[in-house]
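You will see two complexes here that share chain A, one where it goes with chain B and one where it goes with chain C.
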Partner chain A sequence: MLMRISVFKWAQRISLSAWIGIVLLTMHLVMAACATWLAPYVPTAIDTNNMYQSPSMLHVFGTDRYGRDILSRVIYGGQFALFISMVSAVLSVMIGSIIGVIAAYVGGFFDEVTMRVIDAIISIPGILLLLVIVTGLGTGTSVIIFAMVLSYMPGVVRVIRATAQEYVTRDFILAARLRGERVKNIVWVELMPNIRDVLLVEFAMRASWIVLSVSGLSFLGFGVNPPTPDWGLMINENRSVLVLSPWGTIFPMIAVATLVVSLNLVSDEVAKMFGIDRGVRR
Partner chain B sequence: MVLFVFRRLITSLVTVLVVAAMIFVATEVLPGDVATAVLGREATPKRLASLRAQLQLDRPAPERYREWLFAFVQGDWGHSLARPHIEIRPLVIERLRNTLWLSGIAGVLGVAISLLLGIYAGLHRNKWFDTIVSTISLIGMSLPEFVIGSLLMLLFGVVWALLPAVTIVQPQATLLDLLPSMILPALTLIIVMVAYILRMVRSSVIDVTQSEYVQMAYLKGVPHRRVVWQHIIPNALIPTINAIALTVAWLIGGVVVVETVFNFPGIGRLLTSAVSDRDLPLVQALGLVGAFFYIGTNMIADLMTLWLTPRLRTQYWQNAHEN
Partner chain C sequence: MNKHLLDVDRLTIGFPNVDNVLNHVVRDVSLHIEPGARIGVVGESGCGKSTLAYAMLGMIRGTGVRVHGSITYDGAQLFEMTPAELQRLRGVGIALVPQNAGQSLAPHHTVYQQIAEVLDIHHHMQSDAAWHRVVQLLGEMRLRNPEQVARRYPHQLSGGQQQRVALAMALAAKPSVLVLDEPTTGLDVTTQAQLLALLQELTNDTQMAIVLVSHDLGVIAHTCQQVVVMYAGEVVETGETERVFRQPYHPYTRGLIAAMPQLSADGLPQAMMGQMNTSVNRAQCVFRERCDFAQSDCATPPPLRFVEDARAVRCHHWQDVSARSNRATESPIVLEELRTDDVAPILELRHVSATYQQPSWRWWMRATPNLVVSQVDISLAQGQTCAVVGESGSGKSTLARVITGLHQPADGEVYLAQSLLPTIATRRSDEQRRRIQLVFQNPDLSLNPRHTVAELLYRPQAVFFGRSRAEAQSHSITMLERMRLDEQYLSRFPQQLSGGEKQRVAIARAFLAEPDVVVCDEVVSALDVSVQAALLSLLVEIQQLRKTAYLFIAHDLAVVRAIAHTVVVLFAGHVCESGSTKHVFANPHHPYTMELLRAVLTIPPRVLQTRGEHSVEKTPHTTGGCAFQSRCPIAIHQCTHIVPPWQKASEHHSYRCHHPSDVLIQLRSQLSLPTTEE
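Entry: the complex of A and B
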């Protein structure tokens, strides 16, 4: 009973915009997870008798140049973006926070070297870094995740290091050290719980930026390979027939936009809840 | 102050060197070197080895890095792999001119618009203007550049047919000829930029408005107009310099997508085509040029912040003496 009341209160405290975000995000997650059951057609099935159809009862969002059902492609198209973004965001925040906390705790030469490398990576404009990596390693899921982690992790390191530095000099850390705790324990048990809020905000923010980057990369043709359904790729493929048949471009656009809007709304609320400023995208 | 500027210059230079090393490692040392790029993945080991010898890829990487960097600094940027008769430097410089104009126009207008709107929205917090502007900026932030670009193209280029939807002018065309094709890409960049900077400016203005010295100024009877111009705006602008620098630096990345959308002949489109062709020397050159501008902007922002905040200068001196 007590539990239920607190959840209810918590729900009341959340602003309307955050609720919109949560609902949209849940919709996207359900759509991606249940694509197999939700999509009315096979997303790659070619039907040359029904090319460039406008929305109808048969094809709710119309069809593209190969007669593929756009609704099915939009439903499936989120899988790749969401999968890559979530994995990359989790990895960036995990690796970034570990490096950041250790740099703050150990300090000295290790800190200096780490931060110089981090500064250098941040000094490469995001998309440039992604494209340089893609040139060197070719496209592919693991390469894209690697590239995303490499370009979004340094920002996490900076933020987490700055936050952890505030705690490193506190007495409870000194006490732990005098008790003879191991570095591993101090990092995990003493420092990590204190930066949990910042971690959550970093994760929420970076997830939405990574979705934007991933869709941009697919749009440029360096994401998944056709005929795999993907929003960025769909927009690129159907852009040339924007006038003749705008459906293939507009629906994936709405899909990307609603996903990023929902992530932004949710991360705004998370940041507000913990009283942390959102940074500039990098 | 001079010492600080000097140190900041040195760090920027070191950063450029490290970035150059990373670009070099990513493109030449990692698996899939120039030889595999030229011959394709199914090339025989023997042919690969002979091409590597011909391109001097069999020599140690640090040595090659040093030579590549020296040649680059001296103006020898090498030849394109995909089109071997084309020299890279003139090509990049020609495209760079177009990109600099595009991002220059977008940057100046974008910063001006976001400052105006951001300050106004921040001063009139939670009024209808602020709500509308904040909502629109959130939407602008959430739309990828290529979506905004395609929508503008659809509206102005196709439905109303006012402006050229894609660039059909030659890259070498004069600025006047390029100008009409520049409007839509610039507009796209401005929309995305304004969305980001405006939010920063707005929250910075709100922070300052709630500060004790502004309250104090009101309490001692300073007129509202004077508080706004003398206390709020100057103090609110300092933290936004960095945000502006980051966003202007983001422009360098943003142009890659926007130029591709509008087929605009700048370094961004050159980069995407170079990546598709796996034209490694060209990617390296463009990567270095991009990083150079990015690091330069950030350095200028840091120096400007320092110049405008005397407090930071003394802090810096105190730290320097302690160390």
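Entry: the complex of A and C
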């Protein structure tokens, strides 16, 4: 009963922009999860009689140069980007927060070394780091996840370390040490509950950036292989006929944009809910 | 109506709550301020006194705020002024000295830049003229080396100096009304006394009116001719300070005075019932729930009636209140007698010294460490309280950290029940850690904001007794009830509790470890007087039940007098005087103890002697000799190079000074010390 009231109140209180974000995000998640049932055609089915079609009742988003249905490809095309970005965001936030909290709590030499390594990684331009890893290790899914985690985790470490440092000096941590609590307990029981709001916001933010990066990699040809539908890949394939038949480029672009915008709107609202001041962060 | 300088007329300030019902912060307050008047506004936190003070500057903060009534300055309505007009008025007309000057001074501007800005805006004074005026102002504030202070940044100044700068800034444009919001809160007793004396001196022969807002009755008694007592946003009593404090007519004023610990009386201060509620029932007398005198007719709110000239009270039964003496009933809790038999102490410190020097790998650059605590001996018997008093920076808190094992002493040993304790907490056994508990000064920092009270109280039980959550709960409830809280509190988070409740939870957490020694680091200093009185009673009650020993760190001598059996006076880490509280307070021998006692603000007030800032020299002499020599009024040649010996004043009272007893007694008779025996 109490739960229902609080959810209702929460629903009343959130802003219009957050509602737009939630609706768009849900749409994307449903599209990715239920692609098999939602897509009107098989996304890889070639139909040479219907190449470069404009949107019509038959093909709502039109067709591409092989006559493949763009709507079906857009619906399927989010799966890869969403999967990679969610897994990478979860991993970077998890690893980053553990390193950050330990650096803040242990401090001293460990903190110094960790943070200098993190600084070194951050100093490499993001896309360059991604390309180096992908060209070096190949284009497998796990390699892309590894590359994403390596380039987005350092930012999490910095933010979490700064947040944790604020609490490490508080008396309740001293009190825990006086009780003789183990480090594990101090980190999990005393520190973690205080930074979980920041964690959630970090997750939503990193996820939206990773979506962009994954699409970027696919566009450059480092993502999935050609017959598989993917937004970045679709934009790349169809950009040569941008003037002749723009539909194959525009619709995947809209899909990427709406996903990123929805993630941003949602993370903004989460941050506002927890009263976290979000400046420009890396 | 005759013309006043500043007129607050039926001012009501309210914020609508979720259900759009107005929540009054200030209600129907009228004040008339004449030139040269000194008015004190007193009340517990949340009574609306700061809101009133800021309203007098035409400043009302918050969204959706509703204001009725008016404030008139020299015939002009404050709330109808344009921002530009208000800016012209602030500074020249009405100036503010904010609470905590350290936070209100701009950190990136020098003192000169900040004060010169005021001069530039109001008097178009620049460059040389401004510089001379700033230096002159700082000199008037009795700051040593005003030129040097003017060039400094706020963080390079001490708390007292910052407050003096804030005062100089407020006085720069020569205002006709000066509003001071808790000007001395957070300062040392000696610094506070200096600042109040300075304020008296500065305002004695000017026509400037003063409105001083404070929770401290002593500050008001020493500064103001008239007092306004506020409760829940309403004025409950007003009149001449001296008469109001001698014979209060309102039960709330009476309660406040009774809750104030007194140097002159034995026994614990008395707390009022209950606590101030943020949403009081205004259909009845706002104080009814907490009132000892409440009767059925209190269901109608009493009007503020004028009972004598310039004396008004908001109570139906003020005659009953005034008929009762100020301290009618004795506190039911009496301190146990000081144990004089030679029992083995439960906690003993032997020659403990501590420094804050970091061990550096550059051994050739190592400086001689600066001792924060030097050769301190303390012995504490079971069930007794030893108070450690001193100004900030005297090493009190470091001592607490050494005892609990958070700071490694440079020298000396700590014994718990005759057995040597390892210096660092991690090397102590669980049993040793359990037997010594620490209660921190600020419960906002010492309670994890993300844990419920249940979780907070469960942690020590899990660590020390290995209890499960279910087992721990019954213990927690028993302990909460002992702290006058109930089972409902288990599910609350710290931010849902008031300051006093939080501190009680912190104390409950310490006692759940069933300790032998509890180190209380300024546990009551952040609390309102009545909450403080209640907490002190609770501490004594549980001490007598559990036979726990307290090491009670405090700066308020009146509190120490109420609760401690023995007292240790610390100056710059050196023990100056120690012994039984009764002896030390009645018969102080060390000049520093006398200085501390002299700075205590009592009711009725005594004359505070004006002395410049230089008399509060904080830095001790480390070159040898007595640490107190630079501040000592009777320092002699010996003091500069010979460490003073311990001397015995009586069996349970010793001090450290070169002077023989009769010289010190003579010094004592010259100073106006508050009497401790009546």
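By definition in this document, the second predicted complex is superposed on the first by the 279 of 282 C-alpha atoms of A that agree within 3 Å, B and C clash if a C-alpha of one lies under 4 Å from a C-alpha of the other, contacts with A are read in each partner's own complex, and residues count from 1 in each chain.
The rule is simple: a residue touches a chain if its C-beta (ideal position, glycine included) is under 8 Å from a C-beta of that chain, and two chains touch if they have at least 3 such contacts.
Since the model is a prediction, treat every value here as computed from it, not as a measurement.
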Original post:
In the superposed arrangement, does chain B or chain C reach more residues of chain A?
Top reply: B
**OP:** Identify the partner contact of A:Met253: answer first if only chain B is touched, second if only chain C is, both if each is, neither if none is.
**Re:** first
**OP:** Could you look at A:Phe219 and tell me whether it touches chain B, chain C, both or neither (first, second, both, neither)?
**Re:** first
Original post:
Thinking of the overlay built on chain A, is A:Val132 touched by chain B (first), by chain C (second), by both, or by neither?
Top reply: first
**OP:** Look at A:Pro227 in the shared chain and tell me whether it touches chain B only, chain C only, both, or neither; answer first, second, both or neither.
**Re:** neither
**OP:** Give one of first, second, both or neither to describe whether A:Arg239 is in contact with chain B, with chain C, with both, or with none.
**Re:** first
Subject >> chain A positions touched by chain B in one structure and by chain C in the second >> reply: none
Original post:
So in the complex, which bits of chain A are touching chain C?
Top reply: 170-172, 174-181, 189-190, 193-194
**OP:** Spell out the part of chain B that touches chain A in their complex, as residue ranges.
**Re:** 14-16, 18-19, 22-23, 26-28, 30-32, 138-139, 141-147, 150-151, 153-154, 158, 196, 199-200, 203, 242-243, 246-247, 249-250, 252-254, 256-257, 260, 271-272, 274-276, 278, 280, 283, 286-287, 290-291, 294-295, 298
Original post:
Along chain A, where are the residues that touch chain B in the complex?
Top reply: 116-117, 119-121, 123-128, 131-138, 208, 212, 215-216, 219-222, 232, 235-236, 239, 242-243, 246, 249, 253, 256-257, 260-261, 264-265, 268, 277-278, 280-282
Subject >> Of all residues in chain C, those that touch chain A in their complex >> reply: 404-406, 425-426, 428, 430, 433, 437-438, 440, 442, 445-451, 459-460, 463-464, 509, 513
